[in-house]
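Structures for review follow.
Below, chain A partners chain B and then partners chain C, in two separate complexes.
Here is the complex of A and B:
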């Protein structure tokens, strides 16, 4: 729907806008804020993961962490509402579940990364874990009542169209806290760039640093998934954009700036999802895949080349 | 820094035990030993990266492995073998990372921190590279940057694992010189492992041998060289020797049973190049008469060459000349290197003249001939000598004489195989 520009300005600067226009502005505003928060979380999480795994292909979606989070949320929702433990929609409970799901997959990836020698192997494992999680999520969706399913179908897809103030408002402080925490893991992540042994000798506690980084990433991913479901490739593209623009590997810069770029990317992708095929609306993951997948391909070709 | 009765290893696998050594401030301690002998494991344990399986490492009585990582990083800096993945960072940023144990949670550098970083770059000679990216550095420069980073921790001790591996020859010397300067100039206690036996012996104040499950500490490199265990750790079936005088590594000659024999008459440094060339060509070499204080004597002995010798500063005796003549007559070829001749070694001139008179094959070798000996055949290099006597070559009578193009470095094996044709 078209909303007059004056009404938009009026709404943004606190004048009352009457009727349908007000509703539309409210809907769009919450969507935008949701995209900003989700995108920022994904961007920062991607930067942390890429540095932690020293893998340019690491990303919450690629490594299956988003899907794991989504699965945990779906399971909690079904089990919780079935048993009457949580309300139909308690974002903070879902955040905790999502964070645990993200953590579980992250730890699985960490464990496997110490076995797997190759970066591509790790990505393959992550993608498979992601498929496994979304397979299980689909299984849950198909086998449960139709009414409950509707509540979380979007978590398997990733979109900002279902955003609500109730969710965004309760996740926002957690997301801000996690983003601040991501600034604190930047220093030990920098030390880890020199290798674990070297990091230990500069005064970093290697295990604590890695655990901290994984926890922060899992929390960020969960914030994003609770708001928008698993949105792909934002966490991959944002840190690369930052590194190309700034030519730095200093995580004290790449992590916060990836959050900014991630927020930007998410909002732009959402606008594209709404307008490209208007009045049809695309899931935002479709849009992010369109730019994200080529980036992965380009990285793979550039780094590992044709033989 | 003291290690007392240390055992080191991974998990339950003990690599070294009974290790007691002291790393002293202001001294460069170099750790040598065969591959996979446990050098890295030892250094990692000293640096606090690995927990010891037994025993303790202490600094001023404080146990290294009980220190908090920050506290430890302020007294021990280390350079490991892992390549940092910071290709886009600048030299200054990387050296700044060394301030890690001194900065707050956001790693913001104060003016004081920057001063330390600058000083670390200056003493390691990378100050002019401060704005360069790591990807633009040579291996030698990168190594110095990593040393600067460790130094920026302001440690009392510096531990380096193989800092010269993968470097070209000049960079190796540069890095070793830097380590020595850091020990002497900055008063840091430096301990480093290396594959370069000769560099270790020349640069080390102290040498530590890691071999067959334990360590031996030598407070002077000369002591290491005198220890047969030390030499044995580096040679397969006694293949090399170490000279306690020159601290140089020599490959012992190991002639085949049927190798042609050469007897060299030399002195005052004219001999070693000829000894080496003959050994490379597959000759069994002996020499004489050499004074025991002649450099040729030291080199010959450390190459495993039989030497007819004379006491220092005594004229060559008649007995020595006769013994040398006997040895020469058993050889296929006698080589004379035109050493300077004075009253003490004029016996060698008589030796050559008598050998000629006896009809031995005597060759004068070298392009610069300060004097002439009548009847002496001359060649420019060892390559021009017949390989063995005519009698040996006559097995294949049509074989042309040794081509002049034969390279100096040709191995005895390949020469002898062509001789067997």
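Here is the complex of A and C:
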């Protein structure tokens, strides 16, 4: 829909805009804020996890948090409504369930990160938790009716179109706090870059840094999952784009800048998703990849070139 | 003078005759061109109408043609002709057809495959080529969808033992059945659940020895290729792709053919078509006399803020047009559903007179406003004209297509149907 430029400016600077324009501007504003927060969280979490696991293919969902969230949503939607525990279909309950699912897996992962000796083990645990959750989810989905499955599919797709102030506002403080905390874990992460043994010789508490990094990442991913569901690609690509552009591995730079690039990518993708084929809307997860993959490819070629 | 005159007279006479001939011929041509042309039009129309009113396909027509000429003379002649024109047996559905020959019926199914139906015990005609030959009536059919079940159930009124010819239903025990007969048969073990429609239990399916499986299919469907591989005979029902309500329901003829109930299928459809047209006519006539304005409708579902609307060419939209109403997404060139952005939905649906939430999961206005807070400001919400699907709509609402349409008509124009109670929709 077309909204006059001056109305948009007016609304942004606090002037009253009447009627439909106000509604539309509000709708766009909330999803833009959601994309900013979610994209920044994913970018920062991706940078932290790639650095911690020293694995360039680690993405924020490697900890199994989005799978846990999906499982909780599936259980609430399918078992919950089937057993009559909650109303037939209650979006608020589903949001809460999604958040609780993310929180539960986050806590589990953080606890394990403190107990487990190796990071590889942690990755495997995260991945296995993910498989466990998606297996249970499939089981729930197969045994329920078509319409519930359809609803569930939408609930587990990443999208910013769904954004609501009530959700964004309650997640925002946690997300901002976690983003600030990610700055604090950047320096200890640098020490871990050369391996845990090397880090230990520098006097850093390896265990504390690892638990801290996992906690920050889990919190960021949870915020993003609650706001927008699992939006792919952003968390994987943003840190790479930053490292290639800045030619540095220094987490004090890559973590905050990945947040910025992630936010940027998410907002651009969202704009593309809702305008490219308007009035139709494209799934944002498809757009992030379609948009982001060529950019990262171009950066790779520019940085390293061909043999 | 005499000889001159003697030579002139035959020339004059010849010229006169020639002129007369030319005049007559020209006149004949002219008359033929105008009168004849007009006449042909009338006759064609008459023929068409006569055929439509009768159910037999080919018949001799005795036509009375009246020609009015320039002079006040009326010539009446009686003309006998063979009307070779056949009424197309399928009028609304676009994805199947029926062709009748001597002792056989040739169907085209949803994939445009030819299916030759031969009466049980008779041999297939040698000169007719077909992708599949089916002996009718079938004895052990398996159905894939609740919509197939609904059509069989509709035919049951005229063929009480029709379910004896069905052996299994996919997802049979997963559905909440609104057909007590089907539920009863499952309880008695006369019907077997053959597993999920997207991944049936093939062992169980083969064990049932079906003589035909009715499926719906789509690009890359694994079930169809598996049936092909297992050499299980199947036909494709594409009722869900039709873009009109009557087109969707006309598949009752397709289903009926396999049970040898062609006549019944045609009769049931005729009845539904007539009732549909009556409702549509009643609405347009009443609107003119009572000065009722057309209403605007938005038809959508929403999960986690993702809005799906019915396309502007869908059966939903066409039903709305047939009730002289306006559809909020009429410019969306799609026969199925499409995802639209929330702002586009808000912009178009806020002034709609009627909202229809096309799901039975969202059951309260609170759930709807939780999904889309802006809906609270919508005209339809303020005026209390928001409806949702009743859970029975997928089964009973399809079986009773005319009832579905009547429900819609009464939702759009409650003043025209004051005593109507909704069956397949529920007010939020």
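Simple rule for what comes next: the second predicted complex is superposed on the first by the 198 of 307 C-alpha atoms of A that agree within 3 Å, B and C clash if a C-alpha of one lies under 4 Å from a C-alpha of the other, contacts with A are read in each partner's own complex, and residues count from 1 in each chain.
The rule we apply is simple: a contact is a pair of C-beta atoms (placed from the backbone, for glycine too) under 8 Å apart; a residue touches a chain by one contact, two chains touch by 3 or more.
Values in this document were obtained by computation on a predicted structure and should not be read as measured data.
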Chain B versus chain C as contact partner of A:27, first or second or both or neither: second
In the superposition, chain B vs chain C on chain A residues touched: C
Partner chain(s) touched by A:247 [first = chain B, second = chain C, both, neither]: first
First, second, both or neither for A:195, with chain B first and chain C second: first
Set of chain A residues, in rising order, touched by both chain B and chain C: none
Parts of chain C lying in touch with chain A, wherever the complex brings them together: 174-176, 196, 303-307, 329, 332, 338-344, 346-348, 350, 359-364, 367, 370-371, 373-374, 377
Chain B-facing residues of chain A, complex: 54, 183-184, 186-187, 190-191, 193-198, 200-205, 243, 247-250, 252
Interface residues, chain A side, partner chain C - complex: 1, 20, 23-24, 27-28, 31, 81, 87-92, 94, 142-143, 145, 147-148, 150-151, 153-155, 157, 159, 161-164, 229, 274, 278-281, 283
Interface residues, chain B side, partner chain A - complex: 44, 47-49, 69-70, 72-74, 76-80, 82-89, 93, 97-98, 100-101, 103, 105-107, 133, 149-150, 153, 159
